[in-house]
């Protein structure tokens, strides 16, 4: 009763009824893999909420202060205000450590969910026309998430993240011609200087999240405008969307998912320790700690740094710094390749049509092979960031591990990519419904067959379930 | 979209009630204890119960069904597109080219006005190349520990290492050095140039790979080991890199012992400190 | 010698001289290496305390084969002359000696000897002479100072969390989370194995007490943040993060439909 009156009161003044109706009635496809992006979205919401709490207590300053609090081993020590406020949050503020830890776990969830979502988009061809723009927005969101994570864990000015800042400084210095200027402008002087923490803070709480929020809005707006893509099936054509209505079913389910994401962040944040800055100690020039790694979304670059050989060639008398290729060129090329992929693939598939129906991964064996190769490569680089920990617990010398991984990182992706290509092709050309039902004969047959015209992915109603579009309940309503 | 049987509304209410109880528990824990584990567990489970209730509600009680919505093509019909283009270029015929070009110039100017002041991000007139080449070390500068205590030669046992800084109010990062006292047996094995007086030798502590402090000194192998990416430097051979990704040796600092027994530098580092930057040679 | 004596150096005399010389030389040689039996030679060695006597017994059966009869060392083990009581006590009480396997780094383990036996061995090895570091005293120290000293001097090898870290060539700086304060102090003063040694000029008694106090703090069983993941940092956190993502994928798998 009250809700009706309130809504009517507002509608009479703002006139949103028809807009709201089309929103409430919107049809959303139900496939489970379409909710991966929502995991990322809700992780971001949690990051903003928990981050706001943290920002009320954190002091992003390198000025020296004396910590006085309940963490006894630091009591009376002179440390930076940033570090002191981080330990203060962890030991002296109620809910402080829960918020800090759940915030950090949410960041790992956020970046992980984006990558999983990107994989789904890639392997199902959802980036094809008309969704190239949204792919570009999405890859930018990935980049911004990585950057913000790095900025965030560097804020407490502890020994572990300070060492990471040192490496970042070295990476900036390694850029040819302009490197010295880039490094000293960003840091406001030589490392560590007095300026980097306040600058990282503004980037981390204002600039980058603002950009992320704006791009998420654009990402969603494009999605609403273009409507969600969907897998082929009964009633699903290039001109229909089949699924549940947004309100109330889909929305309530989605809010439930948000509660589940928050729940996971809080359970991890309370029960599993992450980034115990009081143990790492404050950053001090000249101090070291091992093991020293960044978070995983920067970890693949760290792995590349460990594996890359000690080469510093001379180019026309100038020395090319060692860090440039693995830490600047490799990530740069990675993102350039990601941005360009939707525009390069049609050059080879010669498919410039608009697509609303998704492909199953098996329908594009080449894309499958390339994607698996790429994921294997970056996954192995990520694994390489843990070699010193592996050494610690196995006793295998780290120099041997590095040599082995140099070979592995170059050879294994080729093998997995090839295997994925062959298996996808076999699956596509056989009758097997799932990968687990694929017989070996089909694989052998694929390997023997040299060339075969690629099968067109189904674009019309599938005869499998035999249900035509007309037989499905259709709600007549405004079609935006 | 369906469970094995339709879950009654009772389950959903039970989930919401459980959530309420857990939230009450969380508030009690917040007031009475200071345990992040209790706080996280109770609030996390409260939200999990809420999630369960919402999901059960959506999947079993709310109207569901397969709905179909029409999806028109993205590209508008030709006439709409043409009309849009016409509206967009309204007034374009009457605009002389010179207006566009001078406006472009003005915008470029504003761009420069935004970019040039970025120089202010680096305070001071010292350019990067000068700043990076200089450290606080020089002839006669005494060494001190990170606590500010001057270093005496006999503070170091043979075979041990110490992190040292130039004597100054604050320990400076780029001047960090590691001072090592070699055992008498190693002095013979050391290449010429190593080991000034009293078997002391000093190198920059900043790894030439990415700048991490090379904090691990192994006295039996006389190697310096960097924890970040596992570069190894041979102390007896002018800190030449023998493993890992570092491509240059650690710059050496000439040291001597002054008349009062304190260790001092005899000059600056003999190479570029820290991670390599783009330069000649 | 007169011409007459020279004529009298018969083969028999030559033989006697040679044998006699051999006997004398043999006595001299035998006198260098003491008899392997536990009973001390009555005139060669000074009198040992009861502890050292017991230690000599133990030493003979457990240590002498590698470290030599008077701690002089052999191909298989270094000399023990001048190692000091702290070193002996450290290696024995942490179970690193007797070595369980010949190759590789000595690993911490269950001590092979009881405390009285260790004391006996310490007393005996000390009789080899040489004057290495004595057993350091241990008492409470300044916790904050200890934290600072630990992070500057120890964390680089033993990690900030005290769980140990890799060194070159497959060796490790071990975890210090099971060490007693006495063992920590001994290791600091001795510099066993790869570890550098810190004399009392590098770390005075107060600083040493501070370090041992902080190490005790590190050894407390509960970490404030919850499950400590071995205090390994981002490597372990990454693994847990991926498990979290997988969990959420399972959740949405239940929420949504499968392919039609």
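Think of it as A, B and C in the order they're written, each chain with its own count starting at 1.
Convention: a residue touches a chain if its C-beta (ideal position, glycine included) is under 8 Å from a C-beta of that chain, and two chains touch if they have at least 3 such contacts.
All of these numbers come straight from a predicted model, not from anything done at the bench.
Innermost chain of the displayed assembly, by C-alpha centre distance to the whole-protein C-alpha centre, is B. Seen from the C-alpha centroid of chain C, the farthest chain centroid is that of A. With centres set at the average Cα position, the gap from chain A to chain C is 48 Å.
Averaged Cα coordinates give chain A a centre that lies 19 Å from the centre of chain B.
For the pair chain B and chain C, the distance between mean C-alpha positions equals 38 Å.
Contact of a single residue of chain B with at least two other chains is seen at positions 1, 36-37, 40, 55, 59, 146, 163, 213, 215-216, 227, 232, 243. For chain C, residues touching at least two other chains, in rising order: 152, 156-157, 165, 168-169, 224-226, 255, 257. For chain A, residues that reach two or more other chains under the stated contact definition are 30, 97, 101, 253, 256-257, 260, 264, 268, 270-271, 284, 286-292, 388, 398-399. Those residues of chain A that touch chain C in the shared complex are 30-36, 38-39, 72-77, 90-91, 97, 101, 105, 108-109, 112-113, 116, 159-160, 231-234, 236, 253, 256-257, 260-261, 264, 268, 270-276, 278-281, 284, 286-296, 299, 360, 382, 385-386, 388-389, 391-392, 395-400, 462, 465.
Residues of chain B touching chain A in their complex: 1, 30, 34, 36-41, 43-48, 50-55, 57-59, 62-75, 118-119, 121-124, 128-129, 131-132, 146, 163, 165, 171-174, 176, 205, 209-216, 226-232, 241, 243-248, 274-281. Interface of chain C with chain B (complex): residues 152, 156-157, 165, 167-169, 173, 191, 193-199, 201-202, 224-226, 255, 257. Across the complex, chain C is touched by residues 1, 36-37, 40, 55, 59, 146, 152, 154-157, 159-163, 213, 215-221, 223, 225, 227, 232, 243 of chain B. The touching residues of chain C, counted against chain A in their complex, run 104, 143-144, 146-148, 151-152, 155-157, 159-161, 164-166, 168-170, 172, 214, 217-218, 223-229, 231-235, 237-238, 240-242, 244-245, 247-249, 251-260.
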